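Here come two complexes built around subunit A, the first alongside subunit B, the second alongside subunit C.
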Partner chain A sequence: MADQAAAGGAGTLIVPARRPFWKRELPVGWLAFFMNTPSMIVLAGVLAYPIYYAGYLSFHQVGLAQMRRGIFPFYGWQNYINLFEDPLFWLALKNTITFTAIVVTVEVVLAIAIGLLLMQTSVWTSRVTRFLMLLPYAVPPIANGLIWSFIYNFKFGFLNRVLLTTGLASEPINWAGHADTALVAVAVPYIWRTLPFAVLLVYAALQGMNRELYEAAAVDGASAWRRFWHITLPLLRPIIVVILILRTSFAFAVFEEVMAITQGGPGDATWVSAWYGYKVSFAPPFNIGMGAASAYVLALIVGLFAIAYVKVIYRRTT
Partner chain B sequence: MDQFLSSSLSRRRLLQAALGAAAVGASSGLPWSNAALAQGWADRPKGKVDKVNFVVWTYGDIYTKIAQKFEADWGVKVESTISSFNDHPTKLATMFAGGEEIDVSQSSPFSFPAFIKQGLVEPLTGLPGIEEYVKDFSGFTKEVAVVDGKPMGLPYFSAIWVWNYYETMLEKLKIDKPFTTYEEFIEHCVKAKKDGVSRYPVMWVAGVGLEQLPGTWYSIVANKGGRFFDKDGKHMLGPGSIAREVLKWWANTFEKGLDISDPESLKLQFTTSAKAFGAGNNLYRGPNHHYGLNVVNDPAQSPIAGKVKVHGFPGDGRTIGVTHVYFLNSANRDKEWAWKLLQYLGGKTKDGVYTQAIGLAKDAMLGSGYNSVMASDVVKTGWKPWGEPEKILAMWEKATYIGEICNSVYQPWHFPWTDQLNIEVQKCLTGQITADVCCDNLIKGIDDAKRKAR
Partner chain C sequence: MFKPTPLGRVGLHLANLLVILFLVFPIIAVVIGSVQSEKSLQADTRAILPPEYTFDNFRVILTQGEQKGRVFEQATYLPDNIKAFYGAALNSLIVAVSVTLLTLVLGSLSAYSIARLRVPWTVWLLQINIAARFVPIIVLMIPLYVMFRSGGMLNSLWGVIIAQTGFLLPYAILILAPYFETISHELEEAARIDGCSRFGAFVRIVLPLSTPGLSSCGAIIFIISWQDLLITMILNSRREFMTLPVIIASLVGDVHVFFNLLMAICLLALLPSVVLVMMLQKYVVQGLSAGAVKG
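This part shows the complex of A and B:
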């Protein structure tokens, strides 16, 4: 039989020899499982475990002594109760939302504007811009904060020098030290640093657009504005949603610029959620359990945005 | 001449001289005497360690020399972790919580109760030589370092709050002497602004911190005879209180009032304010640690060096003072070696000398937490290049420990309450809330702070 099969005679059923298991092809499901396992393990270690551990700490009484000993008395919901009773937590959350709204709105508008500019290959500045655009992204956040704190300096800062010299201001402005301007003073360096990310996304989306749509619109006599409004913007919508959600998530966790420029001040004008969590956890009386609770609440809010991102994108793409 | 030398330094004479010196030394208790050698600072610990370490906040380059001396004296490597003053509690806390070994660390009096409560501090009771140190502790030091009768630390430095003024600017204003009353202070500042000599005549140390902004408020309240809490711990911030009235007065010097205060004040710490004052744009520098003069009167750091003078508080000159401490960390690798290192930082070196305290007085204009050092010529000669030691020491006599003015410093809840104090007072100074609202909020905040510290 084996000889016949090997000879391959007509009308003969060929039954291949059974391969050893290590040479067999895996079913698709198993293949996916094995291929994903390494990354799942890494993600579980660096993402899922910290999230679980923060949740665990938030239900326990955790100070320095407990951390050192590794014994955490169960505290129930007390950390959350203390957190929600703290007016500073709510103020920090309010400031975070205001900050995020400013940052995300400005970033989306600027990212589209700069992305469109980058697409104009006939304009020589676009090539320069394409290169310069990426520079802020390479600046470490804390260094960015320090640079801007020098720019904002009341007496010797570059910004006030320019305003005074050009006559745009008659007196120096206390950008980072005045309650009315401090949050914006933190938002500007943050936008400056993170804008390239949004620009890159928009630029990539613009490059993938079908040029025939524009040609057809031009033949129909559509103005540049109408082409933008009726073609570009609808096609950019999915990427705008991505930018909105991702930038919102990141902006919620702003910390370095606050640390370097205002340290939460003046007063509580720039106390944001991440700064609150840091102060609660790592300054006496070192209430790490409550800090974990605040971080967990923040993570949940960001998680809700992530769910919204998935839902919105899913709906748009289907 | 050579003949004289050879005869006077004969072997017999040399031996006689050495024996005589040893006898005198032993009887007088000099550092190199047998009595001194038997003390804790001179004996080698029995245990064996590869290294020891300390976790402190930065102040110039005061740790390099003492670490080198320790290594030379004992042959044990010293490692240091140094962060900024405001970041130090966080750095120490994370290292401790992370299970790292820490032999010696440092604390302001404001963080110390929290560190003790969290179990970071090892009592010094029973360690060799501790009784001698405690006997030499100054009043300020005892207030911080002795807790419930137990010695818990050795002093790092002591400081009092003083004012500074820019002499040249005062002369330009044709004012013959600095203010003697608060009314006069305002008059001088208003005149300086009106005459165009200084846009912002007064610079305060009002940056967020444990004793920067709070210290300015505490010191003026103390000078006016007020307190923040009475002996039973009841607040004294109610309507009509001195603390409340002082805050009203202080806030009135800012933008929404007389507009004579430098807006940068709200960001300034002790050293940064000294550097900023060195620009020569202000007439007065508000109450601050006395040693800022070693920056503002240092020609290498200040264009107006030599022209900044120290000035006492109005009235009876009452001011406040403070001592910061080093402590033996409970996470030490070897208690005896940790105690040895602690003594190098906050006590005596192998030769029985307060090497670090003397060095700090000479190099950094810091006061000492030991009576014997403060009474010695070291302070007078050491401080001389930057200021007027006699004048500062006279002010020192009128200084009250900060804890008498605000006795919450002995409580773990003082720290979270100070967080709120920084926020509320800055809001008041920037005109977001009134002094009355600020004080009412701080009264309400006492219970919140207690709850947070529980």
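This part shows the complex of A and C:
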């Protein structure tokens, strides 16, 4: 630009001084490229390459001996065949699905109920609830798991103390030690810790709703239940879809609570997919190739939710 | 929204009471569990409150096992990892602060280019970041372990910092990009007319104006990093590189589980993040909802 103006020969034009190169404006595309380079390097190294590498490992024989030598012999589909022939893998998958179904259903219902409760600002206890709502979010998952393993303890657990003192139970109950109750015993702490997030989203959506709609409906004589069913719920649908997808994909990877409370037990009643991947890879016999194969299956399942999520978000914004 | 009837008010109070009880129940349990001895835990298994209170659990942790107090006087065995409390707390702090700073710097650079520089591939980048948020940690940890092992990067704090930064970066970008979009274009234009470069306008105008967004993002990243177990546990097996969650997890499968001691160390580990979340509640709420919906 500056050169052109000078060459034009219009002597009266004030020619801006040519900036030194480090002050010159980069084309937008290059600026975007440079601004993203640091993130791209980190994401490529810690996300993209490991995902590819997990695929590589899943087709090779990788154990302690192979890692010591640094050579991974090609194994074909053998890791996957071993995986699919392992009844524990299927049990873990089944448990994960049951766990996720319990967690997501309870969370969506509770989130809507508590979200509506928080809207009742004329009741002072609602403000207390709102203040405390974020508390579980602050508790580290592993600490949460351990606290609940103390709560559930058969001999001197806190829950049995409360139940026995209040007379709700006459005998101590072994919550985490029974195969029938163990999965639920793991689900409750997980729900406790992750509920704030779902409540928050519902509450934000409720606050954004149009009051006039409710007032009009009330004037028309619609009962509270009908107002909820015909106005609130349809308006909440987009956020419920978001919660469903996010909570499902994260609950699928539950780990810390299982590790702290049951370690997969009693028997293998609470083996979940992430625990399976961890145990297969990092406990004897350290079968990392098979662990990578199981992680890949988990990633594929969760990947489907990710695609659904991107679709939902983009339909909403465009 | 509507004035509830007197009866309805009673019902709402009751409902709130139930929710509040559910929310504080584990906190009450951890506090009560941490202020008594193992003996009193096992003596009366029906009493909610302990017969006597003691701070010996905290004393033994905070003096790294040197002062045992009355509770642990006769204990022949104490988990060794209890003695590493300060080192672990320091490691947790170093990792969480570094990860937060790194993620904020890298994330804001990327988020700005996604929000403001209208280049086609930045949208695509955003979609990749959204998808990346879904990758379960265990899926990454298996290949990362092999990679770090062959590169000799196991048992180091910076290895953990890099891994956590990579894992949390997409989340930071998702929180920051919509925030940058809300900053007014006019101020940026004005700065550019005054001779600021595009990048200069980002550093001098957009970033200072985004302090609330950066705080939201920083608070959330700090909390997630402070809470992380899996990444650090798999990459670091030596005690001097463990963080608090890893120390806690190592006590789970120990030969003898002292629940009173465990509850004390859990309380010490959750206290910083509880204080942080309660103090920065507004920012945490904004960040969480921005990261989930506006992405």
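The rule we apply is simple: the second predicted complex is superposed on the first by the 257 of 318 C-alpha atoms of A that agree within 3 Å, B and C clash if a C-alpha of one lies under 4 Å from a C-alpha of the other, contacts with A are read in each partner's own complex, and residues count from 1 in each chain.
The working rule: a contact is a pair of C-beta atoms (placed from the backbone, for glycine too) under 8 Å apart; a residue touches a chain by one contact, two chains touch by 3 or more.
Model, not experiment: these values are computed from the prediction.
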Q: Check whether A:65 is in contact with subunit B, with subunit C, with both or with neither, and answer first, second, both or neither.
A: first
(Q) Quick check on the superposed pair: does A:155 touch subunit B, subunit C, both, or neither? Answer first, second, both or neither. (A) both
Q.
Which partner chains sit in contact with A:25 here, subunit B, subunit C, both or neither? Use first/second/both/neither.
A. second
Q: Answer with first, second, both or neither: which of subunit B and subunit C does A:272 touch in the superposed model?
A: neither
Q | First (subunit B), second (subunit C), both or neither touched by A:117 | A | second
Q.
Quick check for you: in the superposed arrangement, does A:286 touch first (subunit B), second (subunit C), both or neither?
A. first
Q: Tell me which partner A:86 touches in the superposition: subunit B (first), subunit C (second), both or neither.
A: first
Q. Now for A:263: first (subunit B), second (subunit C), both, or neither, which partner does it touch?
A. both
Q: Could you look at A:251 and tell me whether it touches subunit B, subunit C, both or neither (first, second, both, neither)?
A: neither
Q: In the three-chain superposition, say which chain, subunit B or subunit C, touches more residues of subunit A.
A: C
Q.
Please report the subunit A residues shared by its interface with subunit B and its interface with subunit C.
A. 67, 153, 155, 263, 278, 282, 288
Q) Which of the residues in subunit C come into contact with subunit A in the complex? A) 1-4, 9, 12-13, 15-17, 19-20, 22-30, 32-33, 41-42, 45-48, 105-107, 109-110, 112-113, 117-119, 121-122, 125, 127-128, 130-140, 142-147, 149-150, 162-163, 165-167, 169-170, 173, 197-199, 223, 226-227, 229-230, 234, 244-245, 248-249, 251-253, 259, 262-263, 266, 269-270, 273-274, 276-278, 281, 284-285, 288-289, 292-293, 295
Q. Quick one: in the complex, what on subunit A touches subunit B?
A. 63-65, 67-68, 82, 86, 88, 153-155, 174, 176-179, 263-269, 271, 278-280, 282-288, 290
Q | Touch list for subunit B against partner subunit A, complex | A | 89-90, 93-94, 96-99, 111, 114-115, 117-120, 208, 263-264, 266-267, 279, 281, 331, 412-413, 415-416, 419-420, 422-424, 426-427, 429-430, 432, 448, 451-453
Q: Spell out the part of subunit A that touches subunit C in their complex, as residue ranges.
A: 23, 25-26, 28-29, 31-32, 35-36, 38-39, 42-43, 45-47, 49-51, 53-54, 56-57, 62, 67, 70, 113-114, 117, 119-120, 122-123, 125-126, 128-129, 131-144, 146-151, 153, 155-156, 158, 160-162, 164-165, 172, 189, 192, 197, 200-201, 204, 211, 214, 218, 224, 239, 242, 246, 249, 252-253, 255-256, 259-260, 263, 274, 277-278, 281-282, 288, 291-292, 295-296, 298-299, 302-303, 305-307, 309-310, 313
